[in-house]
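You will see chain A twice below: alongside chain B first, and alongside chain C after that.
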Partner chain A sequence: MVRLITHNLLACHAKGCTTNNFPLAFRDAQVEIQEQDINPEFVRNMLPRLEWKALVDAARQVGDESLPAEQPEMMDDELVQKLHRVLMEVRNLTLSSLLASPNGHDYPSTSLRTRDTPRTNTTSLSTPCIHVLSMHLSPLPHPRTFLQIHITEGAMICPNCEHVYPISNGIPNMLLAENEIG
Partner chain B sequence: MVKIAVPTSIQGRPQEYEEAHVHNVYDRIADHFSSTRYKPWPIVAQFLSDIPTGWIGLDSGTGNGKYLPIPTERPGSIFTIGLDRSHNLLELAKCAGGSPTRDVLRGDVLGDYWRLGAFDYALSIATVHHLASPKRRKQAIERLIQSVSSTHGRILIYVWATKQDELSRTSFPKKACWSNEDETRISPAGQDVFVPWVTQTSTDGSVTVEPETSKSMYMVLNRYYHMFSEGELSRMAEEAAKELDLKIGSPDEFSERGVKGLHISEEGWERSNYYLLLTRWEK
Partner chain C sequence: MIPTPDLSHLTKVDYDRVYEPAEDTFLFLDGLEQDAEHIRSLHPTVCLEIGSGSGCVSTFMGSILGPTGALYLCTDINQHAARCTVATGRQNKIPIDAINCSLTSSLLPRLRHSIDILLFNPPYVPTDGEEALDAQASGNISGAWAGGLSGMEITNKLLEEVNDLLSPKGLFYLVALKQNDIPAICAMMQDAFGLKSQTIIQRRAGREHLFILRFERQYVG
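Now for the complex of A and B:
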């Protein structure tokens, strides 16, 4: 599985790709939410290691708008909670809870497309995939933190060389062909 | 089962050799291999237990991901990302330690997929010895050094040693190879070997458990290893540091501002493996 914390560390180093190679953009991302106990100390200490703007953008690309565009100076408990959910957790969400749109927020990303794939069966580890739709999405009743969001399918695209890193069954494939290695 | 190591020599390009004798083998034996690799090695577990809360790390060559949930005594206090070539091992690594799932990526240990110095720590356990040339083994160490923070990054590397534990389950046919008493004969450049993995094939072609009876169809998959000689790993780390323009030594030995370095904080041998603990520093 891949969380937004991992996405925030990835950069493209395909042959000749040295600038504007971060962050990779999600395409056709499918998202799964898994519950996880919060460790506030981890979230507070870890945060300086991440690029805030890339994190906020990535969260929005997968349908989470809980984080403010500018990094708040104060790390209060509420922000820690939000970050935990965006970064770490995965909860049992249904498609309908994503689609209920009391506030009528426009989904900001144009890079995501509706996917008409059947929902997967549940297992003890895997909750049903939430398909991210390029349509009106509301903020979730309980906003997820970026540690809870797992990207299960789709791809990550380098903003510079447009190399496509596919994500399948929760595993991004970062392997480059020999002639693509920088 | 007793493992047998047989000397070999690399033929053809190292990448293709690794593809045939490392990557393909692990993909085929993933399930069975994983069932034999569940116990964390003490020094690795200690390394991870010493990592401060909030640090992010890379397990390069994570295999079945057995180190991803550690330290289990303070779950969720650090975050280790697993990297491996073997898709089948990653499927297992994803679920290492049960719920929640682990973050794993398919990639090469020589690949560069990160922001420079993105990690606080990196570990590479029983992986560098699968690379089939000295140059590639050194590059793997360079990648680990580059992946961690230049101010405080910590690295732990474990590789198979020519010096074998008496209790080791690996046997070395004396005629074909050497015994522990012959250690003086081992070249300082280490030794390339094959370690056969014997499996039983079922009718559907899938690889199952090791054979119990002689009536079964045997299949031998040769895994390539480079067994490191004493001091070879630390020499290689020093060469890698030099390539990256890093001073070698403890930060106390240098006074100029702005100088960057790599300290070999610990070097040792444990259970048929050499290990190296490296710390990056910047003045």
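Now for the complex of A and C:
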């Protein structure tokens, strides 16, 4: 499961790559949504360990625009909800706009939707191609049950050395070859 | 009593490639269960297990703290193990984030002094030194047990990072064998990093005399 919370904790560790090695950029990310209960206390405790800008950028790469660019000083309930969505779940603007369901309760019964964003250059790091391949949506979200963003396939690219870390079956492969280990 | 995680989804094919929970694993669970109240009282946010294998131990930690109680991160150099870890979490309704990597290499820069619970059941069986490193490089099941000289080659690498990883209230749990020279491990952690240690449980299992050690920061006053 490469959730955005995990993505926010991974840095490139290739030999000699010690600056500008975070955050890794998503490439060809396939996104799956799974249910997740909210725990506001966990979200509040986790926030100090996260990089806000990296989180906002990663969320935007997978289509979520709900977080403000600057980290708010006050951690109110609304912000906790938004963070939970981005970190753990996905009942957000992306899905709403994708599924034309602004209130998030009127999901179509289809279990497969695809969205291709325009891609001019397959190696460009600034225009990642996002496919929303499969969504397992309950018809009406259960109270306190939310949805999760998981990056299931694709890759993460170091912004500095451009090392490619593949994601397969939801598991990031952060292994390095012997000659790449610092 | 906290139940042992359901592992019925794992098959012989999985256990050909991933270490099957055995006496050491179950002693680890018993030790964590014994410490459960202490662990809960710290309100941990981030748990990290190194070399999670089947995922049994982190799943058990998820039962202690609850599915949404903390972030359960796991690393394993064996990609099959990383998959089994996620599957075991899912089977027991504990969300686990597994990463295929060696020890903590991709996480250390971002998780410095952020780990509240650090868990490691290392490859502790004494072998010759080459064997341990080759086993790690192969990323297969031998990496789960081949520990090199004194069974400490891989453990020693992690011990160097523990102080950087642990949060101020963090706890580090380590499985060790008597032949690993436990007094020497504890003395090194105390002298080099000021981390105090305690044996929380021990058991003889066949030829192995197994210990679960707990390390934490020492506060004066």
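Basically, the second predicted complex is superposed on the first by the 126 of 182 C-alpha atoms of A that agree within 3 Å, B and C clash if a C-alpha of one lies under 4 Å from a C-alpha of the other, contacts with A are read in each partner's own complex, and residues count from 1 in each chain.
Keep in mind that, in the parts below, a residue touches a chain if its C-beta (ideal position, glycine included) is under 8 Å from a C-beta of that chain, and two chains touch if they have at least 3 such contacts.
As the structure is a prediction and not an experimental result, all values here were calculated from the model.
Peer 1: Record, for the superposition on chain A, whether partners chain B and chain C clash or fit.
Peer 2: Taken together on chain A, chain C would clash with chain B, as the superposition shows.
Peer 1: Taking the superposition on A as described, I'd like to know which of chain B and chain C A:D77 touches: first, second, both or neither.
Peer 2: neither
Peer 1: In the superposed model, which partner reaches more residues of chain A, chain B or chain C?
Peer 2: Residues of chain A touched, chain B against chain C: more for B.
Peer 1: Is A:R49 contacted by the first partner chain B, the second partner chain C, both or neither?
Peer 2: both
Peer 1: Can A:N169 be said to touch chain B (first), chain C (second), both, or neither?
Peer 2: both
Peer 1: Would you please give the residues of chain A that touch chain B in one complex and also touch chain C in the other complex?
Peer 2: Residues common to the chain A contacts of chain C and of chain B are 1-3, 5-6, 9-13, 22, 36-39, 42, 45-46, 49, 51, 169-176, 178, 181, listed in rising order.
Peer 1: Mind pulling up the chain B residues that touch chain A in the complex?
Peer 2: 15, 52-56, 75-79, 81, 83, 85, 87, 90-91, 94-95, 98-108, 111-115, 118-120
Peer 1: What residues of chain A sit close enough to touch chain B in their complex?
Peer 2: Against chain B, the touching part of chain A is residues 1-3, 5-6, 9-13, 22, 34-39, 41-47, 49, 51, 88-90, 124-125, 150, 169-176, 178, 181-182.
Peer 1: In the complex formed with chain C, which residues of chain A make contact?
Peer 2: So the residues of chain A touching chain C come out as 1-3, 5-6, 8-13, 21-22, 36-39, 42, 45-46, 49, 51, 148, 165, 169-176, 178, 181.
Peer 1: Given the complex with chain A, which residues does chain C contribute to the contact?
Peer 2: 43, 45-46, 66-71, 73, 77, 79, 82-83, 86, 95-102, 105-111, 114, 137, 139
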